[in-house]
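Each chain gets a letter, A, B, C and D, in the order it is written, and its residues are counted from 1.
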């Protein structure tokens, strides 16, 4: 087409490869998951809810991915800083209910540049984190 | 597992088959699309944003699918009724900004029962509708 | 720094040049304006409210820029389609109150790629549009 | 013009001078920042997101500035009072997600009167505070 278009930071092919690797890990540990991939602008690129995964985790997974883009960090690295005694206590109240400060959100990095993020939710924090890591490693 | 689990109305395998059929039709007509599938509870089951499709259409696609479940109807069948002269004028203002009243949302039906819905957005209303129809037919 | 960073689609230098050109045009026509620039992800890059411009137009300007990115279009091109008799009637109710369908929002294009958008609000639609055009031309 | 107009508490020229001083300090310490200035009514007057600064910090910076006006205080002076053992525990939940209780928000004072506020976010709390202080000193 001749009219100008937006250039994606991450392709759907990338996003699906990330999600498929995450699904494979989730199946390996026997924990159904919600899995979301956002682009560098924090906008949803792809999402799946595995069978019997939590409905409430749709938003948590998307928000974990969003948080990883919003602060260019893994969500697990926000946990200690936002506890009641931490430097950033209150951060999760200061952004309209979109910030998640426990494990499961990881930036997707290519050639030293953050191009998107993955968020995983439904399992324990260890399960969410390992599934997110498997996804992130597949970019 | 021994603990009770929610029974999904639509499997991820179903949702992905629906989405892949919709993608195939979108590619055929040369129009990148946002495509969402929700379950019978109106909750997101899977979503893809094809490359260069609209960011703004993420929500519109999800809300088209939601509207199809919410009112057990194709979104195109709400258009005339909600115009300023229609019987349901104001419906789209009456549900917290989630109702879409133009084409692109279609219930997914199996054995005479609505088990989910597909929503498609980015193209013209004719393009959104034909892609949604291709997806719905693949259930 | 060695840790990965997000790559901006539009620099602050770009955004300020766009805003300064818009301010110059606003002064030329004697109409104070709210002016916002967002990046390709729809996230605010820079904003100014000229003296005596509308407080209510802060959000309208930001949302005009957002809408231009969200649908990869000038906001003025949504007007007819979303009127009560239009194909997309109801679009502005279907996205959580962020869609603006009257003039003043324009995509910022570089080398055939949309890299951001400008939104202008406070004046008449003609005044908003001419100021947005002056800003967009300065990219 | 003959029709009545709102009188701004802070001019755009003031706001940009404050922001430029903040940018200079941010560059000095090598930490890209989101920087927002609001007027005495808590409404955004100007904002910049420096290149590679956080998307999530757009809202945090604006909300830090808002909080400084809202409670006529530096945000750092709310930290201890709002911790779980403090007198104002829960304050950050009591205002629709707009209150920030860690450093980086400072009122802008002229002739003994608060005329606006600056908010800074992306860096550590020490970095945010020093950049906000540099901005506030430039009023």
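Brief remarks follow.
To be clear about the criterion, contacts are C-beta pairs under 8 Å (C-beta built on N, C-alpha and C of every residue); 3 or more make two chains touch, one makes a residue touch a chain.
Worth saying up front: this structure is predicted, and the values here are computed from it rather than measured.
For the copy pair chain A and chain D, the superposing rotation over Cα atoms measures out at 90 degrees to the nearest 5. Our note on geometry: chain B versus chain C, Cα centroid distance of 29 Å, whole angstroms. Taking each chain's centre as the mean of its C-alpha atoms, chain A lies 24 Å from chain B.
Each of residues 55 in chain B touches at least two other chains.
Taken as a contact graph, with one node per protein chain and an edge wherever two chains touch, the assembly fits none of the named shapes, being neither a line, a ring, a star nor a complete graph.
A list of each chain pair in contact follows: A-B, A-C, A-D, B-C, C-D.
Of all residues in chain D, those touching chain A in their complex are 54-57, 59-60, 63, 79, 82-84, 92-93, 97-102, 124-125. Contact residues on chain A toward chain B in their complex (touch as defined above): 5-8, 11-12, 15-16, 41, 43-52, 55, 58.
Residues of chain A touching chain C in their complex: 4-7, 9, 39-43, 69, 72, 107, 109, 112-114.
Across the interface of their complex, chain D is touched by residues 41-42, 67, 69-72, 84-85, 87-91, 93-97, 99 of chain A.
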